[in-house]
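What follows is a structure written as structure tokens; I'll ask about it next.
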Amino acid sequence: MKRIQRRRGLALAASVAGLGLVLTACSDGGDGGGGGGDEAAATFDCADYEQYGDLEGKTVSVYTSIVDPEAQEQEASYEPFEECTRAEIEYEGSREFEAQLPVRLEAGNPPDIAYIPQPGFLRSLVQDFPDAVQAAPQSVIDNANEYYTEGWVEYGTVDGTLYATPLGANVKSFVWYSPSAFEENGYEVPTTWQELLDLTDQMVEDNPDIKPWCAGIESGDATGWPATDWLEDVVLRTAGPEVYDQWVNHEIPFDDPQIVEALDAVGGILKNEDYVNGGLGDVASIASAPWNEAGNGIPDGTCFLHRAANFYQANWDEGLEVAEDGDVYAFYLPGESEEDKPLLGGGEFVTAFSDREEVQAFHAYLSSPQWANAKAEVTGQGWISANSGLDRELLQSPIDQLSFDLLTDETYTFRFDGSDQMPGSVGAGSFWREMVSWISPGQDSQTTLSNIEASWPSS
Amino acid sequence: MTAIPPTTLTDRTEADTRKVPRLTRAEQRAIAAKGRLSSPWASGIAIVLAILWTVPTFGLLVTSIRPRSDIRTSGWWTFFTAPAATLENYSEVLFGSSTSFATFFVNSLVITLPAVVIPISLALLAAYAFAWIPFRGRELLFVAVFALQVVPIQVTLLPLLQQYVSWGLAGSFWVVWLSHSIFALPLAIYLLHNFMKDIPSSLVEAARVDGAGHVTVFFRVLLPLLTPAIASFGIFQFLWVWNDLLVALVFVGGTTDVAPLTVRIAELAGTRGSQWHLLSAGAFVAMVVPLVVFLALQRYFVRGLLAGSVKG
Amino acid sequence: MDWLLRPDTTPEKLTLMVIAIVLFVVVMGAILLGIDRLRRAPTWVVVAGFLGPTLLFLAFGLFYPGLRTIWSSFHDGRGRNFIGLDNYVTAFTQEQFQVVLRNTALWVVLVPLAATFFGLVYAVLVDRTRFEYVAKTLIFLPMAISLVGASIIWKFVYEYKPVQGNIQQTGLLNQLLVWLGMQPQQFLQDQPWNNLFLIVVMVWIQAGFAMTVLSAAVKAIPDDIVEAARLDGLHGLSMFRYITVPSIRPALVVVVTTIAMATLKVFDIVRTMTGGNFDTSVVAYEFYTQSFTARNQGLGAALAVILFVLVIPIIAYNVRQLKLAEEIR
């Protein structure tokens, strides 16, 4: 009962602009999914699902890093497929996904489908388990080419073979702020990097008691990742997307002078005692402030700016309105000039470890706009896809819509999160750790980057 | 069982020094010993220690009934000056999942009981062999078993899982029981052997002279003496299995209906670790059963390991 | 009979559980009964009956994986090519590794000693007092919490908020400092003290174990010894020092050994609280990240072997104790 209630609540939130109502919306019980309007889970017509055939009695197991509450939305989005093809989807989410997936592969016990959040991880899986990872079937290739840009298809491709298709996406080049605080102080959303710095100086001048920026990179055993996003975003701006690609692919050393320059630019904000760390302490406090609470200074009035991805919206206190004229909102982290618009983001990739008919059918479904729209319908907030067939109007929060707009706007140059593309020992290891050391105890930029360079695996 | 004071805990604590004639020798000695150490400042230290040990957990308990925004803006101690309680966290923990909470609970129970009974039984037999059956290579073997304690569970996961998959047993209760039993054995043998070898050899030898075989000696002489030690180790093993996440994650995963409570609670943190406030409630829900077990069996603990350490 | 493998309903699960236990009892019972029936069974048959199943379990589940780990430690990340001692060289030349070793040493010395000390003192202090039942439960409480749960509890305790405007402290320890008029500290970042703050968590958990076992040992001290000591005029601390501690020496060895072993293996605390940053990593955590995050099995295996080597002194000490005990008997 609770499950239905939640899901209905989430769907209801679509018609209500606010976000805090999710849990209070009531259920009126009811049918199992096929119903109409914004009240049901997802609208669908089984005629559209005939292409997947009749899969009665077949089961597809899915293993992901997505756990509750998002897992419930995932499962809800499979319902049209399950109902029409009569296949059963067995969903398993675990926070230990990245550690356990290789163990399962090695043991010969893989799931049918996994959602892999890092292209770098996908690449190493293909290298290590060439027999286990399945190349995408034609139906999936067609969907990928039709609904995703070349860049996104490329992230799921290893050595010319398409293995994985994008599932969800996120946009990281955002700075959260309080529209009302901006209005009160007469601040404008900056459109260039220089304007952003000028605005910061202005804030320091106007409010001697407040540090303009708040930041936190603590995230348990993944501590440091928000700092890598900072660096990647700034590399894209100071060095440009080409250098960024070379850097990510290790065609230039990790500690190339251009990267050092970018890290110094990050330091210009994160290591500037006048700028940080609003409501959280000094520079060192960035290292121990939980990333998912660091932005709270904005509604609390102890800071003005917090750079974080669109999915940060899930962390705002209930009752805060996320909207351009609401309590909190985000603006695009500006480039060097108004024309220069790099965009940093990420996403998960659907990878199959079986070529059974029902697995291929489900993979095709997940790469189709049908699924993207079904997912959007059952999701309250905090989810987007790069699928061009996604109906923008189904997205239920303004920040999701803005993210989708940026993703599909061709004047923005999209780049995938660099650390997610690097080998695991760097992208989920030394890069995180060294960035933490850079913040606290405050290692200099050159040493930090040289240490990471030294840790890059030789083969 | 001769060495165990026949009185229960309550009798003992309520014992009054003036009624000396009614007390056993052990109790007289106990009271005498108490007189030596229980100066006011000794009690003071005990109370301070108890508070130090309890405050963090108590803070978590208070935290678990506070609303999320309060948790991050003020300390839990402010709850007492400005109380704001909610059961939201608990309702999310108990009812927030699509799988009924009772399912996880039953799974935990089904996993834990055999995973306590099997290794303890095996360890008792093994400890007996190491302590009372003389055979060649005994010491070497014992040291080897003891040393196996240090093998980190993580290095065993892959080889075991490979084997389970080839047996077609992966993802069932059977492999969880087997794995937990294996991992518990070295420590169980080490601890039980320690109690076992301290049992007066006169007792064992007397039985042997009467013609009893090893099996008879084990069941008739040693087992009764060891009951309290078994109960005590049983509680620790219960705790370790109940709180285990790793074995459950690797061998059963979360899909099938086999996943225990810990798997559910680990997920509470949310996909990106943004729901930490729920973990306080989750931790308390998970604690209830071990605590009940401890309280119920504490009597054994106290009379407890006594029997094992009896000197001849 | 599918439900024997995949039971769906609660009654099925409970039945399966009972079946498993009964099955185990029947099998073991049959083996033992067989031995008992055999009059004058040769020793090796008896030993096989008592030890056989256990050794089988251990060989399969711990010994073989252990050997495999030693084997992989001489191979590369994917276990394909033999690379000799390279992994060990890497482990020991890693810039941070000295710190990791130092931390591990700190853990393995401080945790058993401190936990045993507090456990023992507490066991003696509350022994046979009116509030013994409640008092022991309180110290035991942390044992009932998982390591991750305990880490979260202490993360709350150490939480830091700056002194600024009307921001309140949310961590108890910093609030105490503020009440005392001092500056709040970032406990988990201030090296090298942060290691001690992590160690506290493990001590907090393990003291319950020490207290429980030692309390029973204290109660079992033979009367004649205590009485003789009393006649000799021993009191309070000297009674504790000269009678209590020597009398429960075997139990102390067991407790220290068990806690030391557990401490060497523990990585959840470091993982949850600092992620190994700020020079707080330990060998077990490095092993975990190398094996599962960086997916360098060779290096991970080498670290596991180093853990094993670190245990040798503990094993040696126990063997000596064992020998001494044998001689006495």
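The chains carry the letters A, B and C, assigned in the order they are written, with residues numbered from 1 in each.
Note that a residue touches a chain if its C-beta (ideal position, glycine included) is under 8 Å from a C-beta of that chain, and two chains touch if they have at least 3 such contacts.
None of these values were measured; they are calculated from a predicted model.
Among the inter-chain contacts, the highest number of C-beta pairs connects B-C.
The greatest centre-to-centre gap from chain B, using C-alpha centroids, is found for A. Averaging C-alpha coordinates per chain places the centre of chain A 38 Å away from that of chain C.
Averaging C-alpha coordinates per chain places the centre of chain B 12 Å away from that of chain C. Multi-chain contact residues, meaning those touching two or more other chains, occur in chain C at positions 292. Across the assembly, chain A contributes residues 103, 219-220, 222 that each touch 2 or more other chains. Chain contacts: chain B has residues 72-73, 158, 171, 266, 276 touching two or more partner chains. Contacts from chain A toward chain C in the complex involve residues 98-99, 102-103, 124, 128, 209, 218-224, 277, 279-282, 284-285, 287-288, 302, 424-425, 428-429, 432-433, 436-437, 440-441, 451, 457. Chain C contributes residues 77-78, 95, 160-162, 164-165, 167, 186, 188-189, 191, 271-272, 274-278, 289, 292-296 to its touches with chain A in the complex.
For chain A in complex with chain B, the touching residues are 2-3, 6, 61, 63, 65-72, 75, 90-96, 100, 103-104, 106-109, 219-220, 222, 290, 292-293, 296, 300, 311, 314-315, 317-318. Chain B makes touch with chain A in their complex at residues 68-69, 72-73, 95-98, 157-158, 161-162, 164-166, 170-171, 249-250, 253-255, 263, 266-276.
On chain C, the positions that touch chain B within their shared complex are 5-8, 10, 13-14, 16-17, 20-21, 24-25, 28, 32-33, 35-36, 41, 43-44, 46-47, 49-51, 53-55, 57-58, 60-66, 68-69, 118, 121-122, 124-130, 132-133, 135-149, 152-154, 156-157, 168-172, 175, 204, 207, 209, 212-213, 215-217, 219-220, 222-223, 226-227, 230, 234-236, 239-240, 248, 250-251, 254, 257-258, 261, 264-265, 284, 287-288, 291-292, 301, 304, 307-308, 311, 315, 318-319, 322, 325, 329.
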